[in-house]
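Paired with chain B in one complex and with chain C in the other, chain A is shared by the two complexes that follow.
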Partner chain A sequence: MTMRTTPPISGSAVADDLLSQVADQVRRAAKLPADRIMQPSSRLVEDLGIDSLDLVGVMLQVQDRFGVEIDDDDVVKLTTLEALTTYVAQRLPQV
Partner chain B sequence: MRRHGLNLRKFLLRFTFPFLKRLEPRQASRSLSAIGRWEYRHLASVRLRFDRAVEAGKAHFQTDWDVVETARELAGYHIRFRTRDLLLDGLDDERARSVFEIEGREHLDEALAQRRGVILLSNHYGGNLMQAHWMIREGYPLRMYMERPRRVSRLMSNYFDQDGPLGQKKMFISRKMEPAEAAASVLKASKALRAGMVVMMASDVQWIDSHTAEVEFLGKRFRFSTTWVTLAAMSGAPVVQVFSHLEPDGASRLEFLPALSVPPEALRANPTPWMRLALVEIERRVAASPLNSNDYFFWLSDPDISVSAAALQHVERH
Partner chain C sequence: MDNGRLDFRPAPVDPGHREPEDLERPQDWGGGPLMGDQAGRGQGGRVFVVGLGAVTCLGSTLEETWAGLIAGRSGLKRHESMPRDRFLQDIAGVVETFQPGPAEMIGEAAKLEVRSIHFALEAAREAWRDAGLHERQTPSRDGFDPDRVGVLVGSALGGMDLFENEVAKAAKRTTLAVSPYLIPGLIINQEAGQIARQLGVFGPGFAPANACASGGHAVALGGMMIRAGEIDLALCGASESALTPMIVNGFATMKALYAGKPGDRAESDPSQASRPFSGDRAGFVLAEGAGMIVLASETAVERMGLRPHAELLAWAVNSDGHHMAMPHGARIEACLRTALDRSGLEPEAIGHYNAHGTSTKVNDRVETQAIKAVFGSAVSNLAVASIKGALGHALGAASAIEAAVAVRSLSQGIVPPTLNYQPDPELDLDFVPHQARRIDLSAVMSASFGFGGTNNALIFGRIAS
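== the complex of A and B ==
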């Protein structure tokens, strides 16, 4: 599957920016190739090919990067990039 | 063991357990072995399997073991292994503690004092759940990262049912887990370590997914889970290897080894050297005490049983 990074879901600039940041974090944590397209609807396991232990790395790095706590029980629900971004957005510390 | 043999064993255990429980715990454990030896003596299929297994172990280690005597005694020890901690069920702490002899407890306590959690590296040698029973009785903050064992004491069973964010109930793993579920379970284990808990996991689990490595063990190559290496590298938690020796006098001797530290670089490196490090310690003990080898020699003589049906189903599904 040859993919390239595309702009994130339409919405506010802030949401788009967050999606980009989360995608970047996922790419780094899972060591995905630079040319792999990441859509908001991309499924972490099935589409991006992230396995269980890499998924742990993704969750830990997203936690550290954004200062949010990801509940272990919620991991199974965070199936797509968009779901993960929404989860992070809802828990971002208020400034 | 064939179905007929299993039913007979169940019958024997059900009949004798109430009597065994009245004995002094070490004596009960010794008497339990007699059932295994009886099976060996009277069931040709059992005798054949144990003889073949011991022959395979003898050939690997190139020792002068008496096959028949070793196989008969192994059958006796095997039933102690199979009945896990059930003989301690319902005993008060004092009587239960009388079964245990502890070596190297300071290694476990020093590792815990580092406050990074401890990975307690277990295996399938000897009475491999006895250390968990002892640790629960002693009040250690233990979590077991493994498939939920069946047929255990009420003490252990109640412990398994502990709920909550870091409760044992959610820490068990399964061969049927999807990647996201597996990731959630590793996260839980890593959080338990960060909370300063002892996470017990085995170094010799035959597993089939991408996080495994083929490693030599007892002269053959097996595919084992590498999760303990990953978790140790990821968390920085010290790793303490433990052995639970079933002794001839009925005691369970727990041996804790000095802690080892897996550096973060190991996360992306070949895990095989770390895995061999742990497996070599098991091989040494099996060579010195074949009666504590449980199923290991069957892995050599009867490879069909070395990978569980569940694991094979997993392969078929993927």
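== the complex of A and C ==
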């Protein structure tokens, strides 16, 4: 099965590479259509159409993929792709 | 047929037919019987099969499955995906060619990583197309009413694949969180829910969870609901994919699964592991798949111009009240006899019996005895075949697939063979060994029996051309 690649997105304060990886996990977790445009400022719910059930799956997928723990209380603040990516970047295990 | 029941001739206009004078019609309806006219009266109308679909290890459509069956092909083999360090048996009937549709096509179902749900959707779409119906068809003057379409689709075990995958993922997490799709994917009625969503139909939904009899129970339930006037159309069937370590090893441990002795003929040819009614039968081979049948009321057939493949003449469903897993001959016999009695046919009228025939020692013996008791001397002209020799045992889906194949046998006049058959002196019926056979059939019976002591028998009659 071929994996869909997320179009490169840039212009954000966080590393483009990580942003693309997070966007890819969001797209896969919520099974977003391949043509759904994703920007750093894209709001997960309002712009990407992710519902409350999907949001739980997105957070779980990001936790599994990046090895970070997302506190339930923080989820309400992670409204955009950029906010989510920044959150992940701050908690990535140091190599 | 001499009793006239099988002579179906579409009657476009039949004024006065079951039409109470005092029933008000919408002004713009255009005359003719309304689909809802039968509601609640339960007057015993006729029920027709108008659509068929299947996904099996022989192909992702009923056509491919049928072609494989009558050519005597087997879909059973060893699978590297079932390594012996995790699975007690690696011979299985896997649907290898299947890919779920993309999210753009199947919508939210893409989030549910449950193979049985995707098989169910695929087979349902095939059966719906075969019936000449369209997805999200709007209510129409010809009588299609989405509120009067039932979806009766079950499964024995549901989303075991999702469950085991999620257990493995959870074991690696530092938190106790699990996928939000776990519960929606596990509930057995999600197959029916996704089919209703995909097809745009909004009548009653039920999910018979009756082990290996689930699909046949669904067809019987559809017949009951149409005859009771609850619905006009019923999409009936079952879907199964439970080829997981826990389920394979569970069946193996209870000695239901094929387990050959050293030197067994399946060692060199795994396709010989499933051998219903054979003297050396040694358990069933687990498989996955789905089967679907669209049933329609006589009024729906007439009003919508549907093309019936067969008539569902009779059904019977009963319980053993006996044992958690062992079949009960007397109750199976009673089930077959009840269906036959209800059909109004003499035993001689049934030319083919599509057997449960699992390839276990007990089932095949008990089923043979029940057939002989019910059919009496007519058994000498009864072609008994089990397609589990080719397809393995897809649990709940098996009986739906078998019912669909039995209807195809009836309309084509061909009985698929019982593969890998070697005689058993105790089981002396005509098991149609090795090769398909042309038989002019006017009626067929398909029966199935499930753990928990639950049985069904369905009788289909040919449509006079």
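Criterion: the second predicted complex is superposed on the first by the 81 of 95 C-alpha atoms of A that agree within 3 Å, B and C clash if a C-alpha of one lies under 4 Å from a C-alpha of the other, contacts with A are read in each partner's own complex, and residues count from 1 in each chain.
Definition applied: contacts are C-beta pairs under 8 Å (C-beta built on N, C-alpha and C of every residue); 3 or more make two chains touch, one makes a residue touch a chain.
Given the structure is predicted, the values throughout are model-derived calculations rather than measurements.
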Overlay on chain A: chain C relative to chain B, clash or fit: clash
Partner chain in contact with A:L60 - chain B first, chain C second, else both or neither: both
First (chain B), second (chain C), both or neither touched by A:P33: second
Which superposed partner A:V88 touches (first chain B, second chain C, both, neither): neither
Partner chain(s) touched by A:T79 [first = chain B, second = chain C, both, neither]: first
Touching partner for A:V45 - first (chain B), second (chain C), both, neither: first
Chain A residues contacted in one complex by chain B, in the other by chain C: 53, 56-57, 60
For the chain B and chain A complex, residues of the former touching the latter: 165, 170, 177-188, 190-191, 209-211, 227, 230, 234
Touching residues on chain A, where the partner in the complex is chain B: 44-45, 50-53, 55-57, 59-60, 70-73, 75-76, 78-79
Touch list for chain A against partner chain C, complex: 1, 30-34, 53-54, 56-57, 60, 63-64, 69
Complex contact set, residues of chain C against chain A: 99, 103-104, 108, 110-111, 169, 172-175, 177-181, 184
